[in-house]
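Comments concern the structure below.
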């Protein structure tokens, strides 16, 4: 099994805080990797460095055989990594469809001439994209499929999460980064959401997922493997059960608690 | 349901419009006035408006007058763009026969083409830029007040007579200030006694002049000539004092206003200024004008150009009385105005419709009043301007 | 929401008809008391309509049947012009409305969609106007081409600000354009080449020997020469409207919204922030410039005072009054902002005061503007 | 250029800069607590100056004329009146718009500025004219070559500096200042710290507006002339100053104020072209600075959680 994403000696500090400290991490294709650790252990920073929001101070990142160290957010997305955000970052005034289409950027023709002058062709592309988006939304919540042109602002948290995940999935990425999908939702809602994600994954086999999550139930249920971070360093790795048993890990959590 | 009140209102409105419209279609004649009613020089505009209004009131009070006059007043804000818009509005309104227009040169020069385009006869009552009448030869455009050329000749002459040798020029960068700078420099050069040691353009809304004045202070001129309007005139004069500049302050018609003296208090003392036409109070008509004006209890004084506005409007009304409310006839009649009596003296239009004003009044501020130079204690030598020989 | 209630075209047509009738009455009114009555009636009616939810019905109908209603709107504009066919001044007002609408459409692309602040709208308008002044004075460039050049120059001048505009955000971005607005006006005032504060005359338009500045006589009827400009301005507005609409209803419009609402997220989904900001800024200034170029010719006169910071603010206030991002809204707002102070000439000295108070009231009680922007419909009336 | 002249320019620059800085500090305060630009600030300054003038006239009518006493009363009345006005503005115009986009606040305060300006022009007796402002400070002066050092300028400069230092002290050393900074940092945390948010906002606006009144009086004393237009220009310049300095800190405002004054003076004195170009120059530099330091000379720390 070849590694889809590899990070070597990845470091990032803010002022005095060492958010990532020589982190080595590899995800193999088609696996679901759980990234866990106490608050401020560098999970989200890892995502932000990978997706080009921050530049790493040191270290290298390989994705799908290419060096993507400090590549721009755009390049990363083009390469096939898309993500969700810890605090939902949808464009609230825009419709469900619009929000999903933002995620579909790389599959939409962006030329001025095409968009302004060739309305017929545009309409075809629009209708195709609409069908895709609708199909995807139906997986998560058929109820939403009929409300594609309503503003997101009016939706409850769980639906917003769903839309956000659809936005990340619509471009059929190779790697999906989920940043605390359970945040702000009840236990059942989270479970429901996870099932939907797995369902989507079944459909397109080669979807690899890294998930940052505090709900250990979720981690246990869906991840093949876990990496535990503390102070930006990897302190344990392996199936959930084994890492959960790991003394160092427990200490880290208790220490943090 | 919601729209019914609107419709009702509309219908009502229309009926009202029609009836009122019908009511004043009778021998009522509309004439126009344009001046700066808002902005920094609005006092002069309001003074002019009141004076023109006075002319109309007196005429309407006169049983012998053939028509009942209504004066349409528009505000040019002393801005060319606004002026062009309101001028278009007035000229485009066929019911308005003629107008007394503009105190600010920048607005007058901007609108002459409009008046020409619409064949609308106007008499300029305050703006002094020569180009207004002389750039083109428009039959529609006339002016009762003189141009800045005459006053600058007089100005340069007095400066030289008083034995001043060096002059620093400050002018606002509007056409008004630039024009003054140009004609004053020419006039001074012609006499060839005093020379200009420095020229400074300042923007019309400028607040702080210390930088310019400090430069001037280094040049140490006998006189500071100022081509601009009251608001910044006041600022420059008081900031001269701040920097301890002793030179005499020599202004133009633009500062001949009570606002200037109010704005400076004692500092205004000894300021020179020039204005075309004899001072109203010196003329028989002038006394009459002042009395009537005060009788109306307007909340602004007529200011320096009120009499001209009064004269301009008076002339318009005379002409309409004579030839009837018809623009073409009015223009034709205004084409040959000779030695027409008015409260600003005899009015004669040259072939450009420019009143060839012989008299220029020299003013100096003495004890908080603009006093005619020749009657002033400065002329008699009782007091001396700074550096006066 | 449009998804559910299938509104017919009629509420839209009715609303348009009433509005047109009202506008004609307003423009025609001369007597002060009449104007006041009309104004009051208008406000009451609008409030009542809003209270009865009629406004929503109307705007819903506009969302559903936009193309049809747009055609009607063009008709309405022509109707207004027809009524005042020989009234120079009213036509000038109407033209002013049309061209200001074009300019605010441009501003709308920049601010309403891309979120790029521009407090120098009047300056770019002025660049267009001065272009036509200079070109018509010193060259014999065909006048339609002059308009185009005006637009291009405005866009070019805008591109000088690109670096600071792109690097700054929010209030910091505001100061860049504010500084430019002040700089531009002072510059016009102090340099003599462009006539200084004196300004410049602009020659009337000529296209293929047809002089726009002559009145037109058809049999007995005399049409004001402004009719020429009216037609041209209307065409320009229609063009601009179609452009902006298509822009909004395309992936580009989506991109602009996305980067306005959340640059970081947009970046994470491959949006080229810089490219789209530049696109929006240039297109916006181009529209403003063209409008300015034509307006300069119509007015026949350009001067620095036309293009002050205050005028830029009026443009921005139009945007907010109308409802940011909604072309229909901003056309309504333009009508109000241009026509009202003009009509209030009768109470000369107090009109600025009243105007300001009115804007404050709107911002307080209807912060999202008169006609808030509806969700994007890529094809009006389209259903899966 | 000889030393005296240089000194004179420096003095002019300092006076101007002090004026700008006072206005700019106001902008920074408002921005600090509410992240809003209160554009009516300049016109509040105008109203403050006119309030002071009216007080003066009133006192004269009462036959009181000891210039120090008059000055104090004028300052107190103007400052308090504007502080109150500031609170009213904050309470009824700015705070209600907090949910709306920032631009709405900017516009509503701009329009308020117009209202204030027009009101002064229309309702203050002869408000359209420039008004003489009494020179209440001792006018003694010494001529040092080209440099004419005036006691009143020195006094004003000192007063201005003292006020700015005072504000600085108040923000950094007092409980109130702590509360203000807490609110500025993060509203929620401030609330949880048991700080009465609304009260702090009102106080801050009172403070800033009082400052504007003070600047207005300074302006009047310095130029001995006020008019309904002074605020507009000072407002824009003060805003630009606050921005180029960096809205983050009060030092930014001060730096920006003096910098802008410096640019204008340089623009007049040292540049080859006509002095009328000085604003073109100054604002061009402002734009350049924004391109170079997008968040002002003293950088604002923008930390965005993703």
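All chains are identified by letter, namely A, B, C and D, in their written order; residue positions are counted from 1 within each chain.
The definition used in the following text is that contacts are C-beta pairs under 8 Å (C-beta built on N, C-alpha and C of every residue); 3 or more make two chains touch, one makes a residue touch a chain.
Owing to the predicted nature of the structure, the values given are computational and were not obtained by experimental measurement.
Common neighbours of subunit A and subunit D, listed by label, are C. When the interfaces B-C and B-D are ranked by C-beta pairs in contact, the top one is B-C. In this view the innermost chain, defined by its CA centroid being closest to the centroid of all protein CA atoms, is C.
Centroid analysis (C-alpha atoms only) places A farthest from subunit C.
Centre-to-centre separation between subunit B and subunit D, using Cα means, comes to 36 Å. Mean C-alpha positions place subunit A and subunit B at a centre distance of 74 Å. Separating the centre of subunit A from that of subunit C, both taken as means of CA atoms, is a distance of 43 Å. Contact with two or more other chains is made by residues 38, 42, 173, 201, 203 of subunit B. Residues of subunit C in contact with two or more other chains: 186, 189-190, 264, 349, 352.
Across the assembly, subunit A contributes residues 53, 85 that each touch 2 or more other chains.
On subunit C, the positions that touch subunit B within their shared complex are 18, 21-22, 25, 28-31, 33-34, 37-38, 40-42, 44-45, 48-49, 51-52, 54, 87-89, 92, 186, 189-190, 196-199, 201, 213, 299-301, 303, 305-306, 345, 348-349, 352. On the subunit C side of its complex with subunit D, the touching residues are 111, 117, 161, 163-164, 167-172, 174-176, 178-180, 182-183, 186-187, 189-190, 264, 309, 313, 316-317, 320, 324, 349-350, 352-353, 355-357, 359-360, 363-364, 367-368.
Touching subunit D in their complex are the following residues of subunit B: 38-40, 42-43, 46, 173, 200-203, 205, 207-208, 210-212, 214-215, 217-218, 230-231, 234-235, 238-239, 241-244, 259, 262-265, 267. On the side of subunit D, the complex with subunit C involves touching residues 31, 37, 93, 96-97, 99-104, 106-108, 110-112, 114-115, 118-119, 122, 236, 239-240, 243-244, 247, 274, 276-277, 279-280, 283-284, 286-288, 290-291, 294-296, 304, 306.
Note for the complex: subunit B touches subunit C at residues 1-3, 5-6, 9-10, 12-14, 16-17, 20-21, 37-38, 42, 73-75, 79-82, 84-86, 88-89, 91-93, 106, 109-110, 113-114, 117-118, 173-175, 178, 201, 203-204.
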